[in-house]
Amino acid sequence: MLRKLKFAKPEDEYKDLGLGTKFSEQKQRIINRDGTFNVRRVGIPRHLSFSIYHELISMSWLKFNLLVVTSFIIANLFFASLYMLVGTNELSGLNVSQGISGFWDAFFFSGQTLTTVGFGRVSPIGFEASIIAAVESMMGLLGFALATGLLYGRFSKADTKIIYSRNALISPYKGINALMFRIINARKHQLIDVEIQVVFSRLEILDGHTTRHYYNLDLERKGVSFFPLSWTIVHPITEDSPLKDISLEDLEESQAEIMIIMKAFDDTFAQTVHSRSSYLYSEIVFNASFENAFVNIPGEKTKFDMHKFHAYKKVLK
Amino acid sequence: MLRKLKFAKPEDEYKDLGLGTKFSEQKQRIINRDGTFNVRRVGIPRHLSFSIYHELISMSWLKFNLLVVTSFIIANLFFASLYMLVGTNELSGLNVSQGISGFWDAFFFSGQTLTTVGFGRVSPIGFEASIIAAVESMMGLLGFALATGLLYGRFSKADTKIIYSRNALISPYKGINALMFRIINARKHQLIDVEIQVVFSRLEILDGHTTRHYYNLDLERKGVSFFPLSWTIVHPITEDSPLKDISLEDLEESQAEIMIIMKAFDDTFAQTVHSRSSYLYSEIVFNASFENAFVNIPGEKTKFDMHKFHAYKKVLK
Amino acid sequence: MLRKLKFAKPEDEYKDLGLGTKFSEQKQRIINRDGTFNVRRVGIPRHLSFSIYHELISMSWLKFNLLVVTSFIIANLFFASLYMLVGTNELSGLNVSQGISGFWDAFFFSGQTLTTVGFGRVSPIGFEASIIAAVESMMGLLGFALATGLLYGRFSKADTKIIYSRNALISPYKGINALMFRIINARKHQLIDVEIQVVFSRLEILDGHTTRHYYNLDLERKGVSFFPLSWTIVHPITEDSPLKDISLEDLEESQAEIMIIMKAFDDTFAQTVHSRSSYLYSEIVFNASFENAFVNIPGEKTKFDMHKFHAYKKVLK
Amino acid sequence: MLRKLKFAKPEDEYKDLGLGTKFSEQKQRIINRDGTFNVRRVGIPRHLSFSIYHELISMSWLKFNLLVVTSFIIANLFFASLYMLVGTNELSGLNVSQGISGFWDAFFFSGQTLTTVGFGRVSPIGFEASIIAAVESMMGLLGFALATGLLYGRFSKADTKIIYSRNALISPYKGINALMFRIINARKHQLIDVEIQVVFSRLEILDGHTTRHYYNLDLERKGVSFFPLSWTIVHPITEDSPLKDISLEDLEESQAEIMIIMKAFDDTFAQTVHSRSSYLYSEIVFNASFENAFVNIPGEKTKFDMHKFHAYKKVLK
């Protein structure tokens, strides 16, 4: 049965997730493990929803490189056709190549113009061809500026990689229980001023309507100045916690999901980065605690062993 | 009659709009729907108010492209004239083209130098022409660096697009009324940590002077962590609200305007973005509520239907 | 006589100016009108204090351009000498120019290599010259990347221009007096979330030592969401104000200075900008109020007339 | 003996350092003087921990330059081999150089293509060579875009340089003692809104386990608006301080370390910068106070003398 829980405290509202209460029939998780949302929007006109920069910066490297190469080829085919149109006699040095027809020679001349390499074996001597070559070299400069700008933009985009422990655990903690999970910054570059928000979400029946509700979970600590090793996020299940006395069956029946939002400052990229993830009810393990992954050998640097990052052991209640 | 409302609470002052009380005679709205201001400034010397970067980054693409092409042509005309001035005998390979006069050949040579394509059919052999060509190629590099920098700067500028519902509604809400409007992020890229401020502005008569006053409206929630679908902003019209018992006639007589300021972090562009809009008294609808635009089909992803975004239905009071 | 004022409140300490109490003998102002500091540091090793990027980005345009041109010339002289050293027979096409000696031809060839324009009339045929040309073209690419990066970096640097009214006034205000000054954003681009801090600084004698003290002045409003026209900053001289009952003579004797720190978000440049200024005791006018610079003509847009920005009129006490 | 100190106040927890209590056996300091961490992580797969951008932006200039030059040479060797493979008869102008074999001529031609200098003495005339040259010039543009982007990215990276006084002192202060250290911004560019956090860390024995504990130290001022000269950070050792009545022996026995985290806005680079450092117990000097480094000569600008920055003198208790 879906019990009604007490509402989140007013001061929690500021950090509302903005997901709304309408997620009632969706059997899938709302936030995927990789932080994307499991929702759809329909009816937004493409000229409004489409952002060409966003597409070009977030497509795969394979697609991006194919796009650059294809554009280069198409541009050359286009300009080669133009040169053929105004006549091959407007290009000096054409048709002297070994085994290259006039069109392909114009094609390669176009390539040398677009990239501004300009060998000069072939060069424009007619008025129209000269104009086309001038326009082409300018467009080459501008076009390659976009391509190389995007290339570097993609390359220098913050590539923060936070690893979340495979499971969230309900572990014994200072006489009570606590919900715990671990995160680690996979990259070598430091994250600074890390803040985390953990939200418990579940379906509830109110006045006969099934709606989704959200509860901020109080954390042992909401943020850390930096974390060179790993950080275990702890929500003590006190009397005030919405997880108080909850069972795995409750979680499953109410389609419970623990949502996590992380915000930090990446020192290498000098920008604020975000990470999202979630634990579905089936990824929460009761009566288990994380294995110690710290290695303290006297006289050596303190080590964190990633191999034990996801590991936990069952504890007797 | 323009009644005097009680003043906004002191703690609201921090978020003062900075518009001042002098907007008394303006019949037009103060903030346009697109977020620009309906005001004028006179007397600021042009060398102070003019920011060339701002102009170049915010002009239309048509204007920008025309400017780039025109500058390229003018620069080439200028340098061609220089080459003609020092004498065509300082350029080897000139005047051998088909149907191109010396000037145009110098013009195209200049183009090949500015873009650094440098075919080399024409090349400088005299001292002066060599100097001009050296200067030109350097200026070409610097000039095109500016042009391409601006091109990419324009291209990679955050293009956040927030759609505001056509009307703000006075709807029934938890036993009282509430002012409501909806916003949606038209783009596919996520907005994070969205904060909103809603200000009610109206003319009031104080000591015989008509001045404009501003009141922050308390919101059900001032911010959300993200909003993948739409967000309905709600101002409950409690006893403390400046909208308490107000009628459409009151709003019109006092030239009322609801001003909205939004701030968010755009994850794709990794920068803080702002959006402004306003509802004039004539865009506020009494006794109406928004139609449900969420579609929940069991087993499918939750959908938001944009076609119903602006739709509302009248409700009996 | 330098009276001891009561200390600033503890909560003000956070916004401490960081100037210290040691500014006791300096007759000049501490912060200049343009926001620079009137202090000196000695003994910091140059390799620590010198930041080449800072120098290059903040030097005047004249200096920057001269530096670019000079570097270009010196690099060409250097590489021309190298080509002469390995022998002119390693460059094909040399010495055929009209009236150009071999050195200058090598000089211009170097220029064409550095800018990658590469006409090809002169080209390397020997091994050593080919190596030098390869190195030179690579260094040209890298060097011009730095130059054009800096050029665009300078060009796209936020050029916020805040104008402060020439004088700060002690004006009648709601039955008491208030310290007032006006600021205006000279640029057309919007400033958002503007915050201001005003600090009153004066010399005081404590235990026979003359030290400088700082007092945060409470403002009518500490910030505005935006200010499309002008903003009058008001410090009401209440019973708690350190300016209570102070006279022009007091200000002069204690070398008083009103320091202003402004912080805002520039929407065009998408970055946080800062502005500083100060009013020395001699720039504070008692018993005066600013002239109204707003023009309200019914049916027209509200105008702000910059010509009246600095204007004030004396008021009878 | 490692006494148990009272816990830090709850409100301090937000600024938790994120270091954890596991640093119990490490004899070395945890944070080095230069702000790096003395810890190790093992077992993180290289494809997760490796960030190519981070490597390229943070490697030494020597390494970076070597990498660029080496890549250029390897790319040219590769393309030269390709040209040899398709046959030297596909390149016109080859083998006419003085003392250069066909391979090296192809090598230099490749260099001229990659950098787009394209002299044209050698140029592709066959189909395959033309294709290779087209691909090479495109890859040259893209490759050099990455190299020059990184070059400028490295060059324009905020190079904030904070100098921390060599020692932290326990000095007499307003009737009690205080922990003090000085910092100075070595660069000429201004730091704004400087915030500092000082954490006292030591080993403690709790229930027979030796764990490391962290205490935020209350500061006289946690931040300054700017500091054009130097800033002395002061932690008054009040009754509430964890340093109350502590001796040098206590500090040594408990492996005490004072950790410092600084955050500021760099005006030249328009970005938030961070600095970390620490004082190990052996770098804390009891009963000493800093020498005055300010020079006040009437009529001159106030000077700060860096030579006295680290200097302190012993004081009688």
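A, B, C and D label the chains in the order they appear, each numbered from 1.
The criterion applied here is as follows: a contact is a pair of C-beta atoms (placed from the backbone, for glycine too) under 8 Å apart; a residue touches a chain by one contact, two chains touch by 3 or more.
Quick caveat, the model's predicted, so the values are computed rather than measured.
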Could you classify the subunit B-subunit C contact as same or different, where same means more than half of all interface residue numbers appear on both copies? different
From the listed B-D, A-C or A-D, the one duplicating C-D with over half its contact pairs the same is A-D
Counting only Cα atoms for the centres, state how far subunit A is from subunit C in Å. 37
For subunit A paired with subunit B, centre-to-centre distance based on mean C-alpha positions, whole Å: 26
Do you know which subunit A residues sit against two or more other chains? 112, 116-120, 149
For the complex, give me every residue of subunit A touching subunit D. 68-69, 72, 76, 96-100, 104-105, 108, 111-112, 115-121, 144, 147-149, 151-152, 155-156, 159, 161, 163, 184, 186-189, 192-194, 220-229, 231, 265, 267-270, 292, 294, 296-309
For subunit C, which residues are in contact with subunit D within the complex? 13-20, 22-28, 30, 37-44, 48-54, 57-58, 89-90, 92, 112-113, 116-120, 123-127, 130-131, 133-134, 137-138, 140-142, 145-146, 149, 153, 157-158, 197, 261, 263, 271-274
In the complex, go through subunit D and note every residue touching subunit B. 116, 118-120
